[in-house]
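Consider the two complexes below, in which chain A is the common component and chain B and chain C are the respective partners.
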Partner chain A sequence: MLLSANAMGPRLRFGLFTVNAVIAAFLLLPILFIVLLSFGSSQWLVFPPPGWTFKWYEQFFSNAQWMQSAFVSLKVALLTTVFATVLGLPTAFALVRGKFPGRDLLYALFTLPMIVPLVIIAVATYALFLKFGYTGTLTAFVISHVIVALPFTIISIINSLKLFDQSIEDAAVICGASRWQAILKVTFPAIRPGLVAGGLFAFLVSWDEVVLSIMMASPGLQTLPVKMWTTLRQDLTPVIAVASTLLIALSILIMLVAALLRRRAELKG
Partner chain B sequence: MNAVVRENQPSSVLVSLRNLNKHYGDFTAVDNISLEIRDGEFLTFLGSSGSGKSTTLSMLAGFETPSSGEILVSGSSLINVPPHKRDIGMVFQRYSLFPHLNVRDNIEFPLTLRKMTTAERQKRVDAMLKLVQLEAFAHRRPAQLSGGQQQRVAIARALVYEPRILLMDEPLGALDKKLREDLQDELRHLHRRLGITIVYVTHDQEEAMRLSQRIAIFSHGQIVGLGSGYDLYQSPPNAFVASFLGNSNFLRVKSVANASASFEGQSLTTVPVGGLTAGQDVLLMLRPEKIRALSVEAAQQTALPSGWNEISAKVREIVFLGESLTCNVVTPGGTELTVKSLGSGLQNVQPGADVRVRWAAADACLYDQWNDADLSKGAGAH
Partner chain C sequence: MTALRTTLVDTATSGKARLASDRWRGAPYLLPALIFLGLFFLAPLIGLLLRGILEPTPGLSNYAQLFANSAYSKVLFNTFAVAGLVTLISLLLAFPLAWAITLVPRGWGRALLGIVLLSMWTSLLARTYSWLVLLQASGVINKVLMAFGVIDQPLEMVHNLTGVVIGMTYIMIPFIVLPLQATMSAIDPMVLQAGSICGASPWRNFFRVFIPLCRPGIFSGALMVFVMSLGYYVTPALLGGAQNMMLPEFIVQQVQSFLNWGVASAAAALLIVITLALFYVYLKLQPESPAASATAR
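Let's look at the complex of A and B:
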């Protein structure tokens, strides 16, 4: 039985509206708070701000360390996106199309990083990289981020592969395309929305990841969230609010892009 | 019996399936099928769900590898030829168009793979668009087409590279009845115009009858009947086909002599059948429209023609269906019969009345072997 908004009494409707508004406010207020603070003139993050200024933004963009960490974040996120997608694609194919014993087990294994507490993965990868002398390198960042991003790309690609009617690929084959040609020319374009969504998720996972990154970071190489974390422990400058705002801005932008792509894919049928 | 006018009778064999088997684990999906498909014919695989039609078609297309057996096209084996090199066209139930390409590019796809010149491709695609009457839709995406239009695109895409064989697996299954009938007519015309060999899969009897020159009836992975729809209906090779195709009445009789039998103590005339021993159980099959039911008075006034049988029965139910009348009767021994008549004779008969049921011996089919499970509708699936 569907609960239709029209069938509800005005009182129930108002009640539901209020609850939703409170939840939304609860979720959004901290974000709004930090964004406002990044424009506030007070050195001590006073709220409400006594005045408005761009000077924290100027400080952020003129500070080589902040800029460098933002750049590292971007680089790690992009590399993570590429590797998580490139590795996720064949994995998803094998998990959907393959007929081998232990397939479900393998699926569970690949999605395990979503369930295992990040700290455990962080400690484990840190110990491993320490042994091989990789801590504090870009490689360590990317590998550890790919581990936690991979489940997202795999699940996203699996979902679109399951929705994809394999007889379309068969149709390409019977038309004269080899299996590989069919996958390249027909299956990939058809599952592209899932591929892109998975990539965007991977980017987001890496972009605001902090637990693994703290372990992997060295003084010379740190991502934006790590830089925020270390700065926060020294002094509470509004530049941190700037960094937060930028972090959030890019995340929201990417989610918008993902939503837009999904809309377009749905419109195309 | 062969009163139907035949279309140009194709003769030479194009495809031979020889002792084809497909096992999934210890389950047999296709059970030792042998079949010769003639060049240019429209052959339909008809059978209930799970009877192995799609699996057989898939082996022909190359998507499934036979567990054993041989597939020959014009005498050479297809077994080791991958599906994309078989030069076979195929139309799937769910259209299976390429969603990211428009109608024109969908149809052009096989030609691009074959590295044809642009001019040649253009010419062929245009011809196909015309053939399936979709010129006005050339630039639409599949999602912007109706089901019937999509299936026409799929047919065009399967025909554009001029394969010798076209496979169709329930291509009209997802369409509503009216559209399905329209497309059936189009398909028949297309087949006649192009002279291509079509192997068609359906579980719709009417569709099979309407389209095909020959029908192969599938049951439990085997072909249990093969012939024109007319022959299969009028003289089914076995009780399963008799019960599967159309409606049928079965009488359990005992053979008495070469051309006579007894049914519930009454003596019947039958067509002469060799090889029966006296007292042997025999199954007699009658199509409902071959039986006459007469009221007792009418039967007294009308002499029984020679070569006909008469038994008595009681009316259970009469259903008037416009152009015809269906009457269910039951014999004293409890055998139920369905009589279908085109009017006359039964108007005044009420349920419960005694009637005389008559049929010509020549219209009955006799089987000395059968499986009781085959006598009910819906048999044949795994």
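Let's look at the complex of A and C:
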């Protein structure tokens, strides 16, 4: 009866419903609040706002610094996506199909950047880039982001590779294709959902990355989250609410695309 | 099919060369990523850990300082206290959510799951900023509480540990809901029915049958959240105060403001060891660990 909504007593059911409504409101509150604030006319973030306006959006889009940091974010995220996918693809193939000693240990190594606290990866790579004078460069941003994005692409590709029946690829080889042709023409299209999902994860990880970016940034080169971070430390201007709303919108968009891809992959079986 | 594949491999790689290469079949494809991680992740990490015992003078002086200096040990205490508190509260809030999602997989259970996922995927910085505005002295929460006469003075809920716990709990809830929900949906409802047929009161059934069955999900979710809370930087740095630092913030401060790499590295080593040890326990708790699922084809 505790696991069947219909058999549950009305009092318990009502109690559970109320508790969940409150918790759901708690989860939704900050997200809705920030979106509303970005349209509020109050400089001091008074809520409910005295009026509604687009002026913070105008300020955001007309400010060279905000726009530049958004552009840097986009560039870093795209480069990270490309490198994490290119590095992740052969790795995933080797981890799924290869047979060699210590494979499980290597798998653990590749997921390690997901487990080690970001702040430690940030400090460690910061020390490295400091030594070679690379802090505040695009290279430093991309390299540090690829480290944390790589586990996402590898795991995502591994999952789709495991779903794919290798005998289909073998069949192509029997029919006269070379192994590479078979992989390129048969296997790649089949694992594309995993590839794209991995790429989306990598993009999102990089796009939202704060800790590594704070350490890598210089006044001349910063990503959108870094710009938000440094602005936040001075004042809470509604322009940050605009940046946040845009980040939220992009996250939702990517989440929807990923869900859509997963559903399509599931339908294909 | 397997036989077919073996013959294919046999024809593809022939003779003696096969024996030598077969032991490392596929391994060369790992090299690019391995070199990348070795150069940019492992080497700097080891370098950082070495600094903890080499700078300023070789020895364990940094570690001794970490535990002896009362300001430093307060940081350690704060880190564990906040992580523990966050784990406890997010567990209490995640349990009813997971339960409802399991009870009503369609309808409003689905909506709840959507909200959990949305919150998880929303930019960390955006959510933290929102809490900063919500919790400040002139913020909405204080205003509402004052309008209802609950309080006379605005509560100080930001730039202290209260703010950190609220913000972190908010972020961690999804990470407990998801594993807990997976555990709950695997429970056979018949077992609970058997409990009540055998005369257990709903309360007894809940505490003696339902909770024990949920235990794997509770443990793995709580452990994961505890580990993640130990290592979070952004939320404590923005919502917390300078007086009540946590370990990650402490590490960054030692590096950026004091250039004290020795102590920072010792603190980092401590954080890594605790994280990896707890993560090992986490993997042991999983019926099918990620490492195992990578091998199973």
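We adopt the following convention: the second predicted complex is superposed on the first by the 246 of 269 C-alpha atoms of A that agree within 3 Å, B and C clash if a C-alpha of one lies under 4 Å from a C-alpha of the other, contacts with A are read in each partner's own complex, and residues count from 1 in each chain.
What we mean here is this: a contact is a pair of C-beta atoms (placed from the backbone, for glycine too) under 8 Å apart; a residue touches a chain by one contact, two chains touch by 3 or more.
Everything numeric in this text was worked out from a predicted model, so none of it was measured.
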Touched partner set for A:79, first chain B, second chain C, both or neither: neither
Which of chain B and chain C A:124 touches, first, second, both or neither: second
Which of chain B and chain C A:191 touches, first, second, both or neither: neither
Which of chain B and chain C A:211 touches, first, second, both or neither: second
Which superposed partner A:170 touches (first chain B, second chain C, both, neither): both
Which superposed partner A:221 touches (first chain B, second chain C, both, neither): neither
Broader residue contact with chain A after superposition on the shared chain, chain B or chain C: C
Chain B/chain C common contact set on chain A: 167, 170, 173-174, 179
For the chain A and chain C complex, residues of the former touching the latter: 1-5, 8-9, 12, 16-17, 19-20, 23-24, 26-31, 33-34, 37, 44-45, 47, 87-88, 90-91, 93-101, 103-104, 106-113, 115-128, 143-144, 146-147, 150, 154, 158, 162, 166-167, 170, 173-174, 179, 204, 208, 210-211, 215, 225, 228-229, 232, 236, 240-241, 243-245, 247-248, 251-252, 254-255
Residues of chain B that touch chain A when the two form their complex: 61-63, 82-90, 92-94, 96-100, 109-110, 113-114, 141-143, 154, 157-158, 161
Complex contact set, residues of chain A against chain B: 165, 167-168, 170-179, 181-182, 185-186, 189-190, 268-269
Interface residues, chain C side, partner chain A - complex: 1, 4-5, 8, 12, 22-30, 32-34, 36-37, 40-41, 43-45, 47-48, 51, 93, 96-97, 99-100, 102-104, 111-112, 115-119, 121-127, 129-134, 136, 138-140, 143, 170, 173, 184, 187, 189, 192-193, 196, 202, 205-206, 209-210, 227, 230-234, 238, 248, 251-252, 255, 261, 264, 268, 271-272, 275-276, 279, 290-292, 294-295, 297
